[in-house]
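Naming follows writing order (A, B, C, D, E, F, G, H, I and J), and every chain is counted from residue 1.
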């Protein structure tokens, strides 16, 4: 009996390592970006039935797990408020060091409001560079204005 | 007597509001990006002497403040571990929801290592869009591999 | 010299108590709801020039404070993660006890996504009731769906 | 052997996903609102014997679980003080950003006291809207005055 | 200029020590219990105009402070989540050690609901005892039942 | 093999629900108050051999569990520093809102010292009341003075 | 105007450094142990009138401060839950590493109860030792048994 | 398979309760103090081979557990930063209330440095006393001076 | 089924104790430093296939575990933000006490930037010393400058 | 009036920036290492009279400040448990990622005990390197063994 999405994520990760699956292969199989697909496999997004079935086949999941993949999960992928993993921490650091800057510049351009994390997409690419390759990430979020009422 | 950088940031902000200065104007005056310039004015980066002098003139800072602008600050711009401001929280949420995804995809592409938050740049742009304009942000960080020794 | 919005909020509160101003009067003066107006006076929303001028007159604020009212504030009105004030705590308790319920029912109706806290309004009313009057609050937020990409 | 209510909630969730049950169906079966019913199934409210029996049948629960449904649970449905799930976080954000506003306006109308979270009801509805459907939530709580003694 | 109730509490405490006032004297002067009166002087309850005037005279408060005494305060009298002061900690310990017991026994007697902390009174008395005098405290709170809806 | 008291508490709770035992019955069987007895069953007090045997019979505990009931437990019955359960939170709120008041009044009466949470008893009673029944709780703790040395 | 004991402690510390006073001299002047006297000067204990007068003379305190010395303070001398100062941390470490041991041995000898921190004294002595002098501390606390009721 | 010391501690505690072993008996069997021996059995110290063998016989441990007893454990015996158990909390309270006093007096006597928690011993004794027996604890730690370099 | 690296670390530790393996032996077997090798065995670094195979043989790991050793782990080896283990705490203390010093001196020498924890190596050696042997640790990290952009 | 060491540190930092003093110059003036000297100026170590006088001259401190420099300070130089400053965080990360490794290797070499942070020295050097200069830090701490007693 499976009673939460974390158990499904654990099944996926166990099988991924055992079979040597790549996230890009999963993304290709369901025809979406590697970013959204990976997030969904890691328990942060919701698959539709067709997608869930494909994922279930790739990772040899039981039917019950395939059903859970179609349920909206409780989101949040970090075990602590401040992440300890160095790669993820660097992102937290960017938010901490540049947080007030991001706020100032978006408000200067758009006025009061936010950059949506829901109507949002992310694209991660390698940039070849003679001084050492770079990770380039494009974040795109709709600006949502506060309105008076 | 000024004994830390926060006091200088407060002086800059007070003057910015009173005089209606725009961050872009400051960036243009010192010839750098609006992102780096704003971060520096907010106490997260270090100006060289020439830059500090210009900033001092724009915000009518005392000499002592101009000296502090050239000292490396204690960084971190958020008052709490989890930011309460909605705009900045959305970024924290992106790190929390997508953190494990970012980690998986960078490692799949590059192997073990991190995306640098030091050899790093950020560019924030408005994308006009009939469904509502978007905030597009490009983050670029050098990949730094862990090595065996 | 005023260097943050909290100082302006303190000025407003001091004057409000000394002069006995009601929030509804302020709302009427600027022609908006009492909810938005109060939130703005308490440093959570941004006034435009005309509104700020009126608020400045009501609370006899210096020009510098009126300028700050037009700057997007760093939001968040609680001094601790879990509020200690009994009235506000009851709201935190509602989120804690009913949080998973709210999540389940919105997802059952709308699928994966959120109820916006930005494209959002609130209306607080007294309902007369022989068993004791009630506080009725209507929260209205646009549903924002997660999309695949 | 079942030694706490969380285990019963896990059984319900597992069965709900496996069988594709909707919360509204459960609410209809016991003749109460979807809000109260869902909260109770998620371990936040107490069923009476008749209700528990119906719920037990729907989710095929063992007798022991049906007995636990009639025991007052230890309440609180969130795993962390600040919720990480984006939908639930938006509600926390409303309490954080509007908390002082709610407090001011209820006190202005009613004097010192609280809005009860016990003599309380909630109603969640979809509002169709050409700009995007909205989630409308009505919270109704009895005002409880502090008295002198 | 006084901008919050804490400043008024500080004024009261300073004057209380300097003049050697007893809380019981204040309670007698306004004709209420020593428990409610002390809580109100310490910034946890709201005085009406007449009471505030008397308190203002006893502690020689400025008019502005007397006005603040009539404003509902942001409540909570402890500087940390877990109190460090030994006397107050013992009360926290009682809640921690006996918390589940109190919960079980109230539910066994009354069913699901709470003991109100708003429709509530407290009485602290000395009990003379040859083995050492005792502090006897009577807490009385209305039982508020959860109802189905 | 049982390696801590929590496992024994879990056994007791599971059996209590399955058999429908009341705490008062347990208290009567061992001849002590319902408050102490419940606290002890919930892992906060230590039974002597005779009491443990009776409790073991009521809840059909294995010998090993009966032995654990006679071992002093690691105390504290709450899963978080600030309790999330509404009934228990109200008690935390009383300590938070009235904490400084309790401190002031005990010191005014007794001087420096504490109210013991060890040489302590509690009595919880229902008071019938036409405006709604009340929970009345008497806490009695020996005053322990700080002494100079 | 002095509105809390911390301000008095600050006055004492400032004068102590400026005048080069030793804690032992203060203890001798009031005829009590150096441990109790120091704790009291640091805002953790309550002086009687005679003692407060002597302390006031030594540290040249204003009358108002001398009055505060006779008021029971809010206790707790550490700025964080886990102390950062290495000397004080070692004591926290002893409690952390040996805490379960202390608990087991006191219960093995005395049964259920505590070692009082109120009916308590402490004596700190230097022990000369060829391998390096040692700090010897004797802690003496009355055993307070839990009783059934 | 045993993969950490906590599992060994659990085995020891389960057997201790089941067999009714006293810590003093274990200490006598290995010829060391009851304080060190208990700490070691509770997973805070490291046994040598001979000691581990004796402990293994007393508690009927498997060979694997005896091997773990000889491995240096990850130390710290408390589940929370601030201990909830009343007996252990009193020790935390002593550190909190007297922490600054201990620091001042050791520095007054020895200068800058610490009292070692490694080159350290503890002795817990019962002192018979007509006013109630006392727990006397002697802590002895080498003074380690900070040196300039 | 193995679903995370922690399980592999537990397997390694269990086998290490049972078989009495030394970290240096493992390091020699794979031809790298004892520091990197131990960190990798403890789940902080990523082995290549050849290394993983050798480690798998030494610790008799199943194939699935050997596969996990080649997957980049979620890093961070401490169970709490402030470590409780005395040896590791001393390192935290060095960072806490000397943190601002390290920052000042590196900036004085290099300007704004950091000492990399990725392009980093560590070497731990025993230094024999008549006053007691010393642990000497050399940390070497590439300086990474912040650049303007 | 100066009532704590932090005020002295603030005076030193303000003067250092205003006058452009280098830490190395201060170290040379008092004849000690730059590491110890900087730590002492930043409020983490204790100067003797001669050293304090020199420091007072360099930073033009008042006599009272010079007296405070000779008082043992309350140590700890970080404003939060987890440092936000990127340079200092990297050190925290080293402790977090390598903490268990450091522990294992020191115990493998020395047995149970710690590396002292008191009988300790640190040396920070620049290593020129064609791939980018490195920061090399040597930490040297006496090994202190746990002993049985």
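Assume a residue touches a chain if its C-beta (ideal position, glycine included) is under 8 Å from a C-beta of that chain, and two chains touch if they have at least 3 such contacts.
Labels paired with UniProt names: A, B, C, D, E, F, G, H, I, J = Cyanate hydratase.
It should be emphasised that the depicted structure is a prediction, and the values quoted were computed from it without experimental measurement.
Chains that touch both chain B and chain H: I, J. Counting C-beta pairs in contact across A-C and across C-F gives the higher total for A-C. Note on A-B: its contact pairs, compared by residue number with those of C-F, A-C or C-D, agree for more than half at C-D.
Chain G and chain H, compared by their mean Cα positions, are separated by 24 Å. Inter-chain spacing, taken between the CA centroids of chain C and chain E, is 28 Å. For the pair chain D and chain I, the distance between C-alpha centroids works out to 46 Å. In whole angstrom, the spacing between the mean C-alpha positions of chain E and chain I is 53. Annotation for chain A: residues touching 2 or more other chains are 35, 74-76, 78, 81-82, 84-86, 93, 96-97, 100, 103, 107, 113-114, 116-119, 144. The touch graph of these protein chains has some other shape, matching none of line, ring, star or complete. Contact between chains, using the touch rule, shows up for A-B, A-C, A-D, A-I, A-J, B-C, B-D, B-I, B-J, C-D, C-E, C-F, D-E, D-F, E-F, E-G, E-H, F-G, F-H, G-H, G-I, G-J, H-I, H-J, I-J.
The residues of chain E lying in touch with chain D in their complex are 32-33, 35-36, 45-46, 72, 74, 100, 103, 107, 111-114, 116, 118-119, 121, 144-149.
Against chain H, the residues of chain I that register as touching in their complex are 10-11, 13-14, 17-18, 20, 79-80, 82, 84-86.
Residues 82, 84, 86, 89, 93, 96-97 of chain J are the ones touching chain A in the complex. By the touch rule above, chain I contacts chain J in their complex via residues 22-24, 34-35, 38-39, 42, 44, 75-78, 81-83, 85-88, 90-110, 113-117, 119-120, 122, 124, 126-127, 129, 131-144. Residues of chain H that touch chain I in their complex: 1-4, 64, 67-68, 71, 74-76, 78, 81, 117-118.
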